[in-house]
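Labels for the chains are A, B, C and D, by order of writing; each one numbers its residues from 1.
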């Protein structure tokens, strides 16, 4: 469990496993398929002040073990989205965190509005890759001034190391590390090179490294995100210093894995209270080994159990 | 909707390009109608990352049959992970006695399950195979079906009559052919029928679908009323009078 | 073909396809398996001023469609390596480019030495991720002052956009975009989280995007690198603005593909002279489609040839 | 060394954990000796990215037999891409009448091809299976072989005698067990034989091998003379008196 407290309220993430912004929809669309109440929270798809249209010919380019996608982040704008989803958010068995995108002015207006809505448990800010550290600090501070809701800042992979302190100084209560980078690939439908964000398991080693770099330096918690497809992946983030994790595109590939990961980190209150590491929590319903390895690999000498022969 | 494992019981090669997989599935997944589909995961690795869209073409007692291009390889006894059924059944009207189905540069597989129901209640059905669609093996189609073949949309003989006489029309074209093909068809229908009423003319939208559940917004279709709705949950068939074809075509040309 | 000319000499890359630093060894080790003379040049594994030892328990962690590796960049130091390999470099049918790593002082000393060695066609500098733009400019300028050999600067993925102008200003004759990022993953042998560089096809969309961003802004040529596994991948880099490409870890996965890629860009002198784009060169011995796509995808309307049925 | 396609002609399950693949290969790839190996690519996708190390255990007229753990799945008629043969043949001395082979927490597969030659010239061979190695199916071993089983290295009965009497000793242990296992063995040999001469005691080093060709430097073994040499081209067997075991062990403990 992770608790993030601000003046006004506490965001309690139990288990410390959330659905991330992008793949889970606006209000529990996946409830049709999986039991979302096993998660610690759900982050909405990105919402902007004004409505955004879908990218036409929305681009989905299959990559090796991954995919490039550009949706254009369509949404009806904060007021319409709130009218449309407030009842569902209120009925949600788990905390709802709204992911906001836009200019500092837009974000401040959205935050001021959400601050008044009891069904919102926290705000997550999508931080644009093009911003400098100074701009990020000012932007987060501006939003902070408008709301006492817990504020998460989601940083882009490449710039996370450079922007982390600024987001914390600006008043973020936790950092999400990291939003996936942009890429360019050939759209099989149009035959053109197109841009978009790239997703896949390969994101994990990149994000884990940055979590490991930042965790010792920051006083606010880090939420790991990127490429998590198995409880072992989440464990790597926890060991690197993350206090919670977000899952996203795994829900397309293996929806059942979302529940397996949430359950793997649902127990262990006792262990945790005794000071154990997050990755020593009692695993529940945990699936088998993450992947087979190239050369049959026994565990290290201190946990001897060599390969089957 | 469910996520279940299924076993490939049998694989039949129907033609050089088409194969049919007979799948042992659990009862909830056999409760489906023409137009619905599955998202399938066939590998233990994450390559490919996204699921394949599988189209059922027949329902048996304990199995369903799906159709796949032969360039994908499967094995008997292979276990696959199926998500579905997804999407809405095609809105086939009970009163539709004359059905016109158009496959433009695409296999007509997606029509076959609906055809079963339509032919069972003695509707007449005409299938037009245009371009590469002509390569689809005729012996894999029900014999009660009238089949018309054309090299191009323009050379489809008696096009005007077919469009004028049909009680319902369903067309399939793969992206990026879909928008221009449906636009032309809608214009033709407007010309030969003067007015195109609602629930007459449907286009099938099959963009890549990462989630199939209405959550990721990668498959949105723009409607005349300004809404953008997921093809995976609201489609795959859309009433073409409700779709904002003009704006979508203009946008995709500029992209 | 790409020609890079400095006061002293011209580096002629024909075809504009090279073996990159890291996987091809120090002196044509792959000649045992493939015909290296089909390539336009070969970049050596990294060489430092003083000897470096191998990382003990060298870490190789399999990832989905990729791998994390940390070798420690072992080498005997520039003088010993030169004694050991000069004869082989002299006998090489294609230009040999030495990849140098180290501090600015080290690099300058190495460059001054290589400047006197006739068998060296060019120098490639490995630019450390931790350097600022100012440091990169100074470092490249310092090396430039020591040699008239063509100078390539290889930039790290995350910082390539920020460092490109500095490397060019410092006197680099071409930029290699990009060196792969670092990651952290669990070593199956030791059971520990370990660091290293990450390789795999997913690098390509990330690097292509940065090539596309930088190409219009720079007056020196860009050499694309990262995740190239097929002629179509190289074509994407050329279309994004690269003038040549480097291949690396594909040689582990599919050595034959190195030759296929080189040959695909070996012809077409005539077309090129008439002003065609690099990606319109006549493909020779080109293998089939890059990968199958999720939904049977016909080419775009302007090249109509729909899917087989 | 060659890169060629091979076909899996037959798959035999030897035990719960071990299977043997019979491969139809081209002549150049059948010219190999005990200790050499292949790097195999079995998928059209890039997952897994690196090749698998395949160990030949028998040579037939037109095929070679390799041994693989059963947790990897293969199919008859599957086409695989083989790089090899790689590595140096094990330096089996003609004069070695008494051969001692030690498999420590590892399958003894890597010895089988060399054993064929040794037994053919009437050498005596003893194989010690330690720990999990005991699970290796005895019926898959040549009958002329003396087999000794031990739960731990320490409980290997008559260890001193075996080490003292052997003309040549080969040991295999998987990383990260390799360094400590070989160190202990070398110390034992030094104790019971007073001096360990060159070309007596070999340890097999099998780190992950991305290239297999001596180019990527991911598989270096540190020698007493300060050199670092690739296990893929100079190994996989190294004379343990030439390897800098002490420094390597110290470094890997600190890593």
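Throughout what follows, a contact is a pair of C-beta atoms (placed from the backbone, for glycine too) under 8 Å apart; a residue touches a chain by one contact, two chains touch by 3 or more.
Since we're looking at a predicted model, the values are computed, not measured.
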Between A-D and C-D, which chain pair shares more contacting C-beta pairs? C-D
For the pair chain B and chain C, the C-alpha centroid-to-centroid distance in angstrom is 45
With chain centres taken as the means of their Cα atoms, state the distance from chain C to chain D in Å. 35
What whole-Å value do you get for the distance between chain A and chain C if each is reduced to the mean of its CA atoms? 33
Numbers and ranges of chain A residues touching at least 2 other chains: 60, 62-66, 189-190, 200-201, 229, 291, 294, 297, 300
Pull out every residue in chain B that's touching 2 or more other chains. 45-48, 50-51, 175-176, 207-208
Have a look at which chains touch which and call the overall pattern line, ring, star, complete or other. complete
Which part of chain B faces chain A closely enough to touch in the complex? 1-3, 41, 45-51, 81, 83, 175-176, 207-208, 210-211, 213-220, 222, 228, 248, 251-252, 255
Can you name the residues of chain C that touch chain B in the complex? 64-65, 292, 294-298, 300-301, 306-309
Mind pulling up the chain D residues that touch chain B in the complex? 45-48, 75
In the complex, go through chain A and note every residue touching chain B. 22-25, 29-30, 32-33, 45, 53-58, 60, 62-67, 69, 71, 73-74, 189-190, 199-201, 229, 249, 251-256, 291
Of chain C, residues touching chain A in the complex: 60-66, 68, 157-159, 181-186, 188-193, 195, 198, 200-202, 204-206, 208-209, 212, 229, 232, 236, 239-240, 291, 293-294, 297, 299-300, 302-303
